[in-house]
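Below, each structure is written out as structure tokens.
Presented sequentially are two complexes of chain A, the first with chain B as partner and the second with chain C.
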Partner chain A sequence: MDIGLLTIIIFDGLNYAAVLFLIAVGLTFVYGVLRILNISHGAIYGLGAYMATWLTILLLNKGLPPYLSYFVLLTGAIIIGLITGPSIERLCLRRIYGSDIHIQLLLTFSILLILDDAMKLIWGVEPMFMSEPYFLLGQFSVGGIIYPRYTFLLIGVSASFGVFLVWLVRGTRFGKLVVSVIQDREISVAMGINVGLIYTAAFTMGALSAAIGGAFIAPTISVAPGFAAEVVVMSFAVVAIGGLGNLEGAALGSLIVGLARALAIHLVAELELAVIYLIMVLVLAFRPQGLFGAVEERRI
Partner chain B sequence: MPKINLLPGLFLSILAVGTWLGAMVLPVNAAPPGAPAELKVAFVDFLSGPAAIFGTSGRYATEWLVDKWNKEGGIKGVPLKLVILDEAGTPAKNVTEFRRLVMEEKVNVVLGFTSSANALAIAPVAEELKTLTLIHVAGTNRLTEDHKLHYTFRTSNHQAADSVLLARYVLKLKPNLKSIAGANEDYAWGRDSWEAFMGAIKTLQPGVEVKAELWTKIQAGEYSAEISKLLAARADVVHSSFWGGGLVTFIKQALPRGLFKQSLVALSTGAQVDQFVGKDMPDGVVLCPRATGAYFLDPEPEKDPLQKEFVEGYHKKVGRYPDYVSYRGYQAIGGMKAAYEKAIAQTGRWPTTEEVIKAFKGLTWRVPGGDIHMRAEDHQAIHDGLVGITKMSKKYGFALMEKRERFPGEQIMPPVGMKTPDWVKTLKK
Partner chain C sequence: MRPNLRVVSIVSALLILVPLAMPSWVVFILTKALFTFIAVLGVALLLRGGQLTFGHALFFATGTYTVGFSVKWFGFRDALLLVPMGALTGLIMAALVGLIMARYRGVFFAMLNLAFSMILYAILLKFYWVTGGTDGISVGTATFLGFPLRAGTYPFYYLTLVIAGLITYVVYRFLASPLGYFLRAIADNEIRIEYSGESVRRVIYLTYILAGGLGGVSGVLAAFTVGHVVPEDAFWFQSGQFVFIALLGGFEGILGSLMGAVAFEFIQTYSSKYFPYAWQLTLGGIMLFIILFRPGGLWAIYESLVSRFSSKAEGSTHG
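The block that comes next holds the complex of A and B.
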């Protein structure tokens, strides 16, 4: 394989990995702290994309300088993250901590369906398009292949959010509190930690990651109800490969899936879809907890 | 003086006056004997999800026509009642909904289905439930080539027409074509479209090299690696049967990367999204309204009253110009109405489903853009197909399909009894 093709594969892989990581990292973070597999994550991703698109179109039509559209994307995502995160955690999830996993899955799946319909009610069923932020930054060439510079922005946003989360968990007092709550909730309560607040904050971080993912993907796609399904399913494959609840696992899982897909497209196009699930099956067969997942002790 | 019996004369006079009065009072469209209070027609198409830009177009056209016809007296005095349903979901879900429509909602006719996977799943159930079912958009040739259909009809050309039409057109634009590449979705529609396009090109221009064949999930939404591969392949022509929101995303992602400058890109459903893509659609892209015989500017509305009425009425209702899905919606429900009317004329009463089917076989009916002919043997409609190349229009604010060419149905559709893969091998320039 020549260097040019290898560079292209790496770049395509990184591009897709960035998209997947933005979604998977929130999913895995929420599971790590709350021990809840949040199926509604995909709907928050969709809401982020809708809000960002709608807000950007609105403000661009009102004469907003196009370069400010990136801040508008971020603002749209933050609005969605701050609304959905606390409200879902406080109103719904709080009632089912410690419940059977089936209840958790059913509840978060119900939230997904409700939010999906809410999107249709608010923005209708016809797709929305907005591409100014995508085209604005121009292009560059790798191995003779042209890429939009927006790809860098996507990778940058994704990596920054990952680094931010790692810093938040490992380098701040909040992170120490989160870790203590993960280790032992009852002792944490006894030590005076506001566990409820930690849960709300952690879930909101997860919601923010999904919304930011949606908002920054939006300029590259047509935003329509149900558009999130494909990439969200893929992000579940990512966390299964990396290990649920592990930030490094999400990063590695995203890279593996992104690169494997790019490799397949360029070398054996027929295997584009199969290769990702093949990797997942292999990982789960030999390491059911995922590459970075810790083996859980049997309680009894 | 003989006694004159006035009674017969009186009786005849009363009868004559009565008939005359009856003719004056009763509407012209008096329902034929045995007519139901209404004809219940289900319309099933994507109303949510990335394919909604398809479904809503077909729905608007169908609603517009039903409103218009009901104001004019329906079908011989019987009003039509539409039951609208979302096609989004799996084939299994659509089969369940189809059964519910027939058995619980008691619809008389089911019309619709954009997804080939759904159409293939529905046809056997339509046969089992003995329900007249008209497939309006779904393109896989397998529907009418691999199945013996009785209750199911497809009221438009299948994908072979799109692919062969595109092949003939790109060879006109690039007579020295050396290489092709394809990016299509990994299911019946995408696979069949590419096979037919590639087969037609190879037959019409032997020696053409295939540089890349890419397969994505339906409405994948992320095509960066595929676009890189297409750019690296540097093929003269890139073919894609992507559709709906997925196609818009592909165009958006490919545009800044120069794919449209490097290769002649041919999009079999492209004419459907040009109004949505707006100013982002580049010039010089081959667009095909899926081998449909009408485009909102062709035939010219001023020269075709049916076209003028539809384009103006649709634009007033929707705020957009009709696209090929709208025209195919028109073809389907227009065909249904024509078949019922023919069956009524043949029987002198409201027809049974079997009588409508008999009338549908070999029927030719008029729509904006020309005649549609339903082949009796395989229940496959055949009609003209249009193709053209994009040119941005300041007047409309989106790219128009210019340099249009109209191909007769016989040139772009396989004859009865011949399967598409075999037929494309027999094509002649």
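The block that comes next holds the complex of A and C.
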């Protein structure tokens, strides 16, 4: 394999990994705190992409400086995160903590269905394009390979969100409260922690991660109905590989999946998707708790 | 678990007679509801054992592509042979995948199933020179001993009905067997089953194989009803729909799955007619309502109605 191809594979892989990590880290965080695998995560990702695209197009049509678009992307994501997060958690999830897992999965699946159509009703079914933020940064070349600079922005956003989340959990008072709620919900209530608020905040962080992921991937794709379904199930794979509820696991999982996908695309294009789930099956077959997950006690 | 003979005969009579008075599009929808019911029965069986699968489309697609390849390679489309073939391929697939699956529970069971179905989806999508890729394979009209069997006509409907009836009987016998009782006990307490000398893995494995076979049969009928097989048959959305219908109907009774499937097909048809971009929204909204307010599904609503009526009737005789 020549160096050029290898470089491309590594860049592509990091690019995929950055996007996947942004989505997966929220999914895994929500599972870690709420013990719910949130299928509607994908819809929040889609909403983030739509909102960001729509706002940016609005900005560009107004003739405002295009460099503002990065700020607008982030704003769109934050709006979606702050609207969907608290409302889904307060209105729906709150009623089913402790229910059977199939009730929880199906509830979030229903929310996915609802939001999926809501997107079509709000923004129509025609694909939306908005690539200014992508082209604005231009390209660079390494050893004769031309690559868009936007990839670095994507990796930067992804890495900073990951660092921010780790800091939030390990370095702040909020993080300590979250950990205590994970450890023992009842004792936390008895100690006077507002568990409901912690749940809402944690779910909103998850929603923000999905929305930011959607917003920053939007300039590189055409935003059309149904584009989220595949990415989300990939982020399930990432989370399962890394270990459900584990932040470092999400990082490692997305690197593995991203690089494997890039390798497959450039070497054996037919295996592009299959390789992701093959890795997932292999990992789960030998380490059901994922690479980083802790072994759970058996329920009696 | 004794079948209420009156209910069974009323439902059978309805399924046999009502289509005769209906236009062909209703017959078509009822055919769809019946094959969906067969797949959903498999999902409901596993749910009864407390196991949720988010990858049952794996077996459904195994069935549809059994037909697809049979038509593509051999030009063979006889339903009499292909339905058992679909059952067999589904069973074999489940017997292989189940070896791994029987070791897992809860979220991991759901996720691993998802992964396997997505592997099949990826293969069907990407190896397009064999599978036709996103275009899928057109299978045309089924035959039955050489006679054409068009979807939406009475012969096709009654064939599907007979198969669904046979399968209902098989599933009923399974649930009434010791294995069926152990299956229900798994949802409550696995360890006590092990103490009583039954292997939990064996129960899950055998149930999984049965569910896989049901998925295969459903896939064959679906391929002939729709006339086309596509990779989306294996996509996780399809699996999600099966779970959705199983819970819509309620998985405590076999009849629940049937009610769920019929309700689902009609909701889908009507809402995609009147709100073309909002049929998922309608479904999601109904499901949300059921989960939050009526967790037992349509079946529980039906049962509460029945018990209310019968208690009223009792009250009147005593009064």
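In the analysis below, the second predicted complex is superposed on the first by the 293 of 300 C-alpha atoms of A that agree within 3 Å, B and C clash if a C-alpha of one lies under 4 Å from a C-alpha of the other, contacts with A are read in each partner's own complex, and residues count from 1 in each chain.
In this section, contacts are C-beta pairs under 8 Å (C-beta built on N, C-alpha and C of every residue); 3 or more make two chains touch, one makes a residue touch a chain.
Keep in mind that what you see is a predicted model, and the values were worked out from it rather than measured.
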item: Clash or fit, chain B versus chain C on superposed chain A; value: clash
item: Touched partner set for A:V125, first chain B, second chain C, both or neither; value: both
item: Touched partner set for A:I146, first chain B, second chain C, both or neither; value: first
item: Which superposed partner A:E272 touches (first chain B, second chain C, both, neither); value: both
item: Partner chain(s) touched by A:K62 [first = chain B, second = chain C, both, neither]; value: neither
item: Segment of chain B intruding into chain C (one of 116-124, 242-250, 260-268 or 350-358); value: 116-124
item: Chain B and chain C contact sites that coincide on chain A, given as residue numbers; value: 120, 125, 269-270, 272-273
item: Residue ranges of chain A in contact with chain B within the complex; value: 5, 8, 11-13, 15-16, 19, 120, 125-127, 129, 131, 134-135, 138-139, 144-148, 151, 220-222, 224-227, 230-231, 261-262, 265-266, 269-270, 272-273
item: Touching residues (chain side chain C, partner chain A) in the complex; value: 47, 50, 52, 54, 100, 103-104, 106-108, 110-112, 114-116, 118-119, 121-123, 125-127, 189, 191, 235-237, 240, 243-244, 247, 277-281, 283-285, 287-288, 291-292, 295
item: Of all residues in chain B, those that touch chain A in their complex; value: 47-50, 52-53, 56, 88, 186, 212-217, 219-222, 224-226, 228-229, 231-232, 245-246, 248-249, 252-253, 255-258, 276-278, 280
item: Chain C partner contacts - residues on chain A that touch it in the complex; value: 37, 39, 92, 95-96, 99-103, 105-107, 109-114, 116-118, 120-121, 125, 229, 233, 236-237, 240, 244, 269-274, 276-278, 280-281, 284-285, 288, 300
